[in-house]
Amino acid sequence: MLIKSTEIIDTFAEAFGMWGSRVIVTGETPKWAMAAARSMTGFATSVIGCKCEAGIEGLLTEDETPDGRPGVSILLFAGSAKGLANRLVERVGQCVMTCPTTACFNGLEVEETVNVGGKLRYFGDGYQSSKLLGDQRLWRIPVMEGEFFVEESFGIQKAVGGGNFLVLGEDLNITLAAVEAAVEAMQLPGVILPFPDGVVRSGSKPGSKYKALPASTNDAYCPSLRGRAPRTELPEEVTCVLEIVIDGLDETAVKEAMRVGIMAAAREGIRQITAGNYGGNLGQYHLQLHELLRG
Amino acid sequence: MSGSSKVIENAICTFCGCVCDDIELTVDSGGKYITQAKNACVLGKSWFLEHKVEDFPVALIDGKEASLEEAVEAAAQVFVNAKFPTIYGLSDTTCEAQKEAVAIADYLNGNIDTTTSVCHGPTGMAFQGVGESTASLGEIKNRADFVMYWGGNPAEAHPRHFERYAVNPKSHWLPNGKEDRTIAMVDIRPTQSSMIADIFLQIKPGSDFELLWAMRALVKGRAFDRSVEERTGISLDRLEALVQQMKDCQFGVLFFGMGLTMTRGRHFNAGALLQLVTDLNDFTHFVSLPTRGHGNVTGADNVVSWQTGYPFGVNFNRGYPRFNPGEFTTADVLGRGEADALCVIASDPGSNFSAKAIEHIKSIPVITLDPKPTVTSQHAKVAFTTATYGINVPGTVYRMDNVPLSLRPAFDSPFPSDEMVLRAIKERICELRGITSNHKPVAA
Amino acid sequence: MSSAIRIKNGKVYDPLNGIDGEIKEICVQDGKIVDSVPDDSPCIDAHGMVVLPGGVDIHCHIAGHKVNLARKFMPENKRHDVSPRVNELRSGTGGSVPSTFTTGYRYATLGYTTAMEAAVPPLGARHTIEELHDTPVIDKGFYILLANNVCLNQLLEKGRMEEFREAVAWWLNAAKGYGVKLVNPGGDEPWKGHKNSNVHDLDEQIRGFDLTPRKIIKALIDATNDLGLPHPAHIHCNNLGHSGNYTTTIETMKTAEGRRVHITHIQFHSYGGEVGKNPTSKAKEISDFINNNPNVSADVGQVMFGEATIMTGDAPLTWQLRNMTNKKWINADTECESGCGILPFSYQEHIYTHALQWAIGLELFLMAKDPWRMVLSTDHPNGGSFMNYPKLIRLLMDKQFRKEQAALANQKAINSTSLLDLEREMSMYEIAIISRAAPAKLLGLTHKGHLGVGGDADITIYDDQEDKEAMFNAARYVIKSGKFFIKDYEFCSDFQGRILHVEPEYDHAITQKLRPFFEDYYTIQFDNYPIADSYIHDGEVVPTKSLS
Amino acid sequence: MKLSLHTLPTVPLEAEVICPDKFIGNSLDAISAMTVMHGNQACSLADFFTLTDDGLETIEVDGDLSKVKLIGSEMTQGKIIIKGSVGAHLGALMTGGEILVTGNAEDWVGREISGGRIVIKGDAGHLVGSGVRGSDTGIQGGEIIIHGNAKNEVGNGMRRGLIVIGGNSGDFTGVNMKAGTIMVLGQLGQRPGASMVRGTIFSTQSAQLLPTFTYNTTYKPTFLKRYLIYIKKLGFTIDDAYLNGKYQSWSGDSLELNKGEILLFAE
C-alpha cells in the first residue's frame, strides 16, 4: 500500500494490555496546572524502566473541569491494576499535592476504581476532611498554601499500550519533520504518546544478550548496524528511523491515533512506514496497518 | 355543714408549680368559701380567698343555658363529627381529668396537647435532645450550696420558692440556710428576685445562648472568642469567676424560667442550659429544674407521657400516638387552621394565642371546661362550668419537680369536676362510635 | 359471660404441684382455679396445646417517675413500634420503654400476668400507682428503695434497730410497697454530696455517716425477714457493671448469714478482672455460691442484643456509661431517698463486653442447680425489653440455637466463658419454674405461679411448637383472674389488674420519730406523704408472717 | 400519572401513597382507591384528586397541596413533580428518586432522607433535612435544593448530603451537624453551626458566629468552587464574585470536636 510515495508495510503493531486512568489536574492558572501535569508525566515513557507510562491528553478550559479552573488531562498507564493504583498515589502525592494551587480529579467514570485521595488523606495528620458530592468522595488536605483537594477514587480500566509505528526516512531532517507532523495530528482524546514529545528513537526488541535486561536496541532498524546485525529491515535509502508509541484507553482510540499519525507522516522522503511486532506472540493486540488505514 | 367553720390542714395550693402543701384553710360555716389560707403566699391567698361558687349555669350550648346531659350530648356530637378534633389545656386540672382527656383523644383518633407547648415545651424538647440532671426540690433544700436562677422571677411568680425550697431553708448540710448558699441570678433586668442574689449578671437581651455557650466552653476548657463579652455584656473575668464557683460547689442547682425558654432560641436555650449542667457534673454534683408555672402542668406532662409515650403535642389520627412539636402542638394546629373542633380544659387560648389562631378558633366548634367564663368560652359551642381542683375537687397533682400530691379540697361545689364531665363525654363517644368498654368506673 | 371455664386435653406444666406435661383438665370459676365446673361451662379444647400458669416477672421497670422520664426522653426510638388502638384497648407506643397500656397488653400477650416494678423511691410511689392503674390486665406491685434513705441511715448509725424496723414497716405501708429494694447501698451520699463519687467496698465508711454499705444491707435483710415480708430484701449490689465485682456480690450474699435474700440482675454482678479493664466471667463462682446457699435466690438480668434503656437507681453507674457512650443522659435525685440515672443503650454482638454479658447470663441460667432460685429476667429495659423473653426461653431450651447465636457474637468474649461447653437444654417444666412457679414462690405469692385449686386463674395456653420463640411469642389464650384477655389469638377484653402490696404491722409511735425528720428534710408535709387506701382502686394485701 | 386536586382538604391530608414505589404496577383504579388519611378519616385518593393515566411513570400533582403531608415518603425511585405548594414531611425517609416542587413547602422537607433529590422552587419551612426530635441524626445523604428561603434548623443533625438554600436560612442552620454540606446563598440566621461536629456551612453573606467558633484564614477554597459549579448546574445563578472570591474560614464548635467549618464570603 502506498500513501503518497510512502510504502505502508503490510504488518501489524503488536500492542499490550495495560491498565489506564485519566487524571484531571486543575490550577489557579494554566501555568500551575501544567506544572503539575508535566511533573506527573515526567519519567513515564516506558514500563520497561519507569513502572508506568503517562502523558498529557489535553488541556481543559474552565468550563471543562470539575472546579471551574483551567486544567490538564493526563492519562497514566501501568501493567497491572495494583501497579496503577500505586503509581497514582505516588504521582498525585508527589507531583500534584506538592504543586501550588492544584486540585486533582478522576476523569474516568468507570466501575472499577482505586483509592488515591483516600490514601493521600493521611498526610493531613487528622486535619483532613472529606466531602461527598453526589457519589463522589473528595478529600481536603490542609497544606501551607491552602488546601489540596483530591478525589478519593480514580477509575481504572483495561487499556492498550504499545501501539506504534516506525517511520523510515531518507535523512534525519525529513524523518523529524514527518514524526513532528504525526505527533501534532495525534493529539486526540483517549491516547497519549509517552515518549519525549511523542517520539522515541531507541526502539527496542524484547530480550538482550545481557540476562538482566528485558529489552535491547532494535538492531534490525538501526541504520548503523545494517552491515553488522544478523538481519536488517531497512531499505537501502533509509538512514534514520523514528518511532511513535501510543497508549490509549481502548483499542479504537489507539488505532485512530495510528491512522492519523501515519497519514500525517507519509510524505516524500519517507520510504516506509512499518510497525514493531515481535512475531505476534507477546502482545494480545495486533493492529494491522493496512486494515486501520482502510478504516 | 352548718354552725362552725371547718379547717383543712396540709391543704395544697395549685396556683403555681410550687404546689405548696402546708396551707391551712378555714372554710366558712356555710361551706361556700374560704376565709383564711394560712401559710399561703400572696398569689395563693388570692387563689383560695377569691374563690367563690358563683351562680353560673352548669352548661351553655350556643350561649344558652343547658343541662349537663344536653351539654355532654352536644359535646360528644361535636367530637364525633370532627376529623381533627384537638384537646388543649389541662394544666389546671387533676391527673384524673387529664387521663380522661387523653382517653377521649385516643377514642376519637384526635389530637391532644397541653399548655406545656406554650411554656416549657422547649425544655421538654431540649431534654429529649440532650438529657438533664435534675432533683426533687427537697434535695435542693437540703444540699444546694450554689443556687442559680436564669430568666425567671420566682419572687413574683413563685413567691415561696426561696422560702420553702431553694434559698432560705436550713438543713443538716446547710445549717445556716441562706448564709451557707451562694445565690446567683441571670436576667436581662433587675427584678424582685435579683435583689436577694449574691451574684447578679444582667445580660443583654437575646444573648442567653451565647453566654451559656461561653460558660460551657469555660467548664470544658475549650477555646472561645472574647467577643462574647461584647455580645452578652458580661466580662470574662466575672464569667470565669462564676464558672469556677460553680465547679467548686458541693451541690449546685440552676433553675430556669420562660425568660430563657420562650425567647429566641427557645429549645436551644434550654438545651444549652441543660448541657451546661451536665458538663458541670464532671466536676461536682449539679442539677437543673425549670420553674414551671401552672399548678399541675407537670402532671399533664406525666399523664400524657405514660399513656402515649410522648409528653405533649400528641396526635392519634392514625389510631396510635404520634409526637411532633410544631406539627401537633395546638398553637400551630390552630395557627395553620387545621383543627376542625377544639376542646379547651382549664385554659384560655382565646386570650393569648396568635391572631390567626384566634380567628380560627372562632370558625370552629369549641367546647370549654372551666370554673369561670373565659374569652375562649365566649366563642364556645358548648361551655361547661366545672368545679375547681384543689378547692372543690380531690385528685392528684404534680409539683414542678414531678413529686405528686393528693389534693385536699375544702368544700363541695355544685358543679361537676372536669373528670366527671370528660368521662361522661368519653362514654357517650364510645357509644356513638360503637366502642365497647369493659372499663369499670374508677372509684374516686 | 359466665365466669366458669373448663380447659381440657391440654398438656399441663405446673411445677408447684409437680405436674410435668400431663394431660389434665383445669377448671376456673370466679377468677380462681377450682376442682370442677358445671358440665355446660364454656370449654377450651387445648388438644395440641401447652397450658401454663401466667408468667410472673420478679424484676422489671415499668412504672414510676424514672420510667416516665425515659418515655419522654426518647421519642425517636418508638415511632416505628406503635401499638394501635383495638376497639377499647387503648393505643400506645413501644420501644424499650412502652407506654403504660401497651406495657400491660404486651406482657399479657406474652402470657405474663404479674410483674413487679423494681425500684420506686417512696416519694414517687403515688406516681407509680397512678401509672400502674393505667397498666392493664396484669397484677403488679413495686419495691421501695430504702438503702439510701437518710432517715433510716440515721437510725441505723445510732444502732436504733427496733425503730429502724418499725420505720421500714411504716414506709412500706405509707408507700403501698410490696417489698424492700436496695440499690447500690450507701452510694447516694457520695454521689449527691461529694462531687459524684461512689462507694466501692462493703466495709467502706459512707461519707457523712458512721455506717458502711454492709451495715445497711444487713439491717435491711434482717428487717425484711423479721417483718415476715413475703419477699426478702431485693438487692442490686454495689459495683454493678465493674470488672471484678463478683467479690462484692459474694460478700453481699454472705452478709445475709443464712437468712433469705434475693440478689437481682446478678449477671451484672458476676464479673472478674480488674477495675477499668475488660471484665471476665465469674458465673461459675457466683453459681457455686448460690448452689451451696439455699437462703439465696437471684434473677439473672439477661442481656439481649439490640436496643435497651439503662434505667436505674444507681446514678453513678449511668454517669460512667454516659462518659463511655457520650449519649444523652439523665440524672434525677429524689430527696432523702434515692438517685436515678437513665440513658439509651444498645447491646451489640461484636462488642466484647456486651457479648460477654450475654454469655454470662446464659451461663448463670445453665449452671444453676436449683432453677427455683435462679429465675428469668432481663431487668427490663436494662438488659433489653421483656419482649425478648420468648427468644431468651428459646436460647435456654435449644442448644443448637444457642450455639448459632453465640457464633454471631464477639468470639473472644464467648470463648472466654464456658458457654459453649454447656450442653444443658431446659425442659418446659424448668421454663415453667423460672418464669412462673419460682418467681411466684420467691415473691411469696402463694396463689400465683401454679394451677392448683385455690390459685388465681392466671393461665396461658400456647400452641405446642418446635420453635419455642415463636411459641412463647403468641399465646393462643390468656386468662387473667378468670377473664379472657386473649381468645384464639385475638384481644377480647380490656380490664385492670390488681395492685399487690403489703401492710406489715408497726407501732404507730414511730410516726412521732419520723415527723420531725420530715419537717427538717422533706419538702412535703408528713401527713401528705402516706398514700391513702382509697388511692388503690383494686388492691390486694399480701399477708406478712406475724412478727412473733 | 397525573393527579389534580379537586377538593381542598379541610384538615391535614396524609398522602404517603403518592409515591412512585406505591403506584408502580397498579392500575388507575387501584391507585384511585388507595387510602389517604383526612384527619382521622380514611378516604381514597380519588376523593381528593382527579387521576389521569398519561402512561408516564413520573407522577405529576397539581393544586394547592399545602395541607397534604408526606408526599413521596420512603420513595426509592422515579420522579414526582408538584405544581403548586406542598405540606409537611415531603419526601420523608426518601432513599432515591427526585421530587420537584414549583411552589413552597411546609416544615420537615426531606426529613431523614438518605438519598435522592428534592428541589423546591419556592420557600421551605423549618427543619429542612433534619432528624426527628430526640434523635441526634438528620439526613444521611441525598440532596435538598431550596431555591427560596428556609426557616430554622436547616440540616439539624445532618450526617451526610447536600442542602442548598438559595435565599436566607433561619436560626441554628446546621445545628448538631455531624457532616455534610449546607450552602446558603443568602443570609444565615442566628447561631449557625451550634454543636456541629464536622461538616461545612457556607454563606455568601457575613454572619455573627458563636463564641466557640475560631477564625482560621481568608482564602479561596477549591472544593467550594467545585460545589458552586455543581449547584450552578442545578439552576442557581452564582455571581463570578462568589465563584472566584475569598472566604473567611471558621472552625467550630469547640464544645464538640471542633472539626466543623463555616465559610463566609469575604471579598
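When the chains are written out, they are named A, B, C and D in that same order, and each has its own residue count from 1.
Note that in this section a contact is a pair of C-beta atoms (placed from the backbone, for glycine too) under 8 Å apart; a residue touches a chain by one contact, two chains touch by 3 or more.
Quick caveat: nothing in here was measured; it's all calculated off a predicted structure.
*Asks:* State the pair with the higher C-beta contact count; candidates are C-D and A-D.
*Replies:* Of C-D and A-D, more C-beta pairs in contact link A-D.
*Asks:* Distance from the CA centroid of subunit A to that of subunit C, rounded to the nearest Å?
*Replies:* Spacing between the chain centres: roughly 75 Å.
*Asks:* As a quick test, compute the distance in whole Å between the mean CA positions of subunit C and subunit D.
*Replies:* That pair's centroid distance is 46 Å.
*Asks:* Go ahead and note the Å separation of the Cα centroids belonging to subunit A and subunit D.
*Replies:* Centre-to-centre distance between subunit A and subunit D: 45 Å.
*Asks:* In angstrom, rounded to a whole number, how far apart do the mean CA points of subunit B and subunit C lie?
*Replies:* 33
*Asks:* Using the touch rule from the top of the page, what residues of subunit B touch 2 or more other chains?
*Replies:* 109, 128-129, 316, 318, 323
*Asks:* When you check subunit D against every other chain, which residues touch at least two of them?
*Replies:* 132-134, 136
*Asks:* Every pair of chains that touch: which are they?
*Replies:* A-D, B-C, B-D, C-D
*Asks:* What does subunit D use to touch subunit B in their complex?
*Replies:* Of all residues in subunit D, those touching subunit B are 10-12, 14, 37-41, 67, 88, 107-108, 126-127, 132-134, 136, 171-172, 175-176, 190-191, 194, 208-214, 254-255, 258.
*Asks:* In the complex, go through subunit C and note every residue touching subunit B.
*Replies:* Contact set of subunit C toward subunit B: 63, 65, 67-69, 71-76, 78-79, 82-85, 87-88, 90-93, 95, 97-102, 123-124, 126-127, 130-131, 133-134, 191-196, 319, 328-336, 342-343, 493-496, 520-525, 527-528, 531-532, 534-535, 537.
*Asks:* In the complex, go through subunit A and note every residue touching subunit D.
*Replies:* It comes out as residues 26, 28, 66-69, 101, 103, 129-134, 138, 140, 146-147, 149.
*Asks:* Could you list, by residue number, the parts of subunit B that touch subunit C in their complex?
*Replies:* Residue positions touching the partner: 9-10, 12, 21-22, 95, 99, 103, 106-107, 109, 124, 127-139, 141-143, 164-165, 171-173, 250-251, 278, 281, 283-285, 287, 301-303, 305-311, 316, 318-323, 396, 398, 402-406, 408, 430, 435-440, 442-444.
*Asks:* Along subunit D, where are the residues that touch subunit C in the complex?
*Replies:* Subunit D residues touching subunit C: 131-136.
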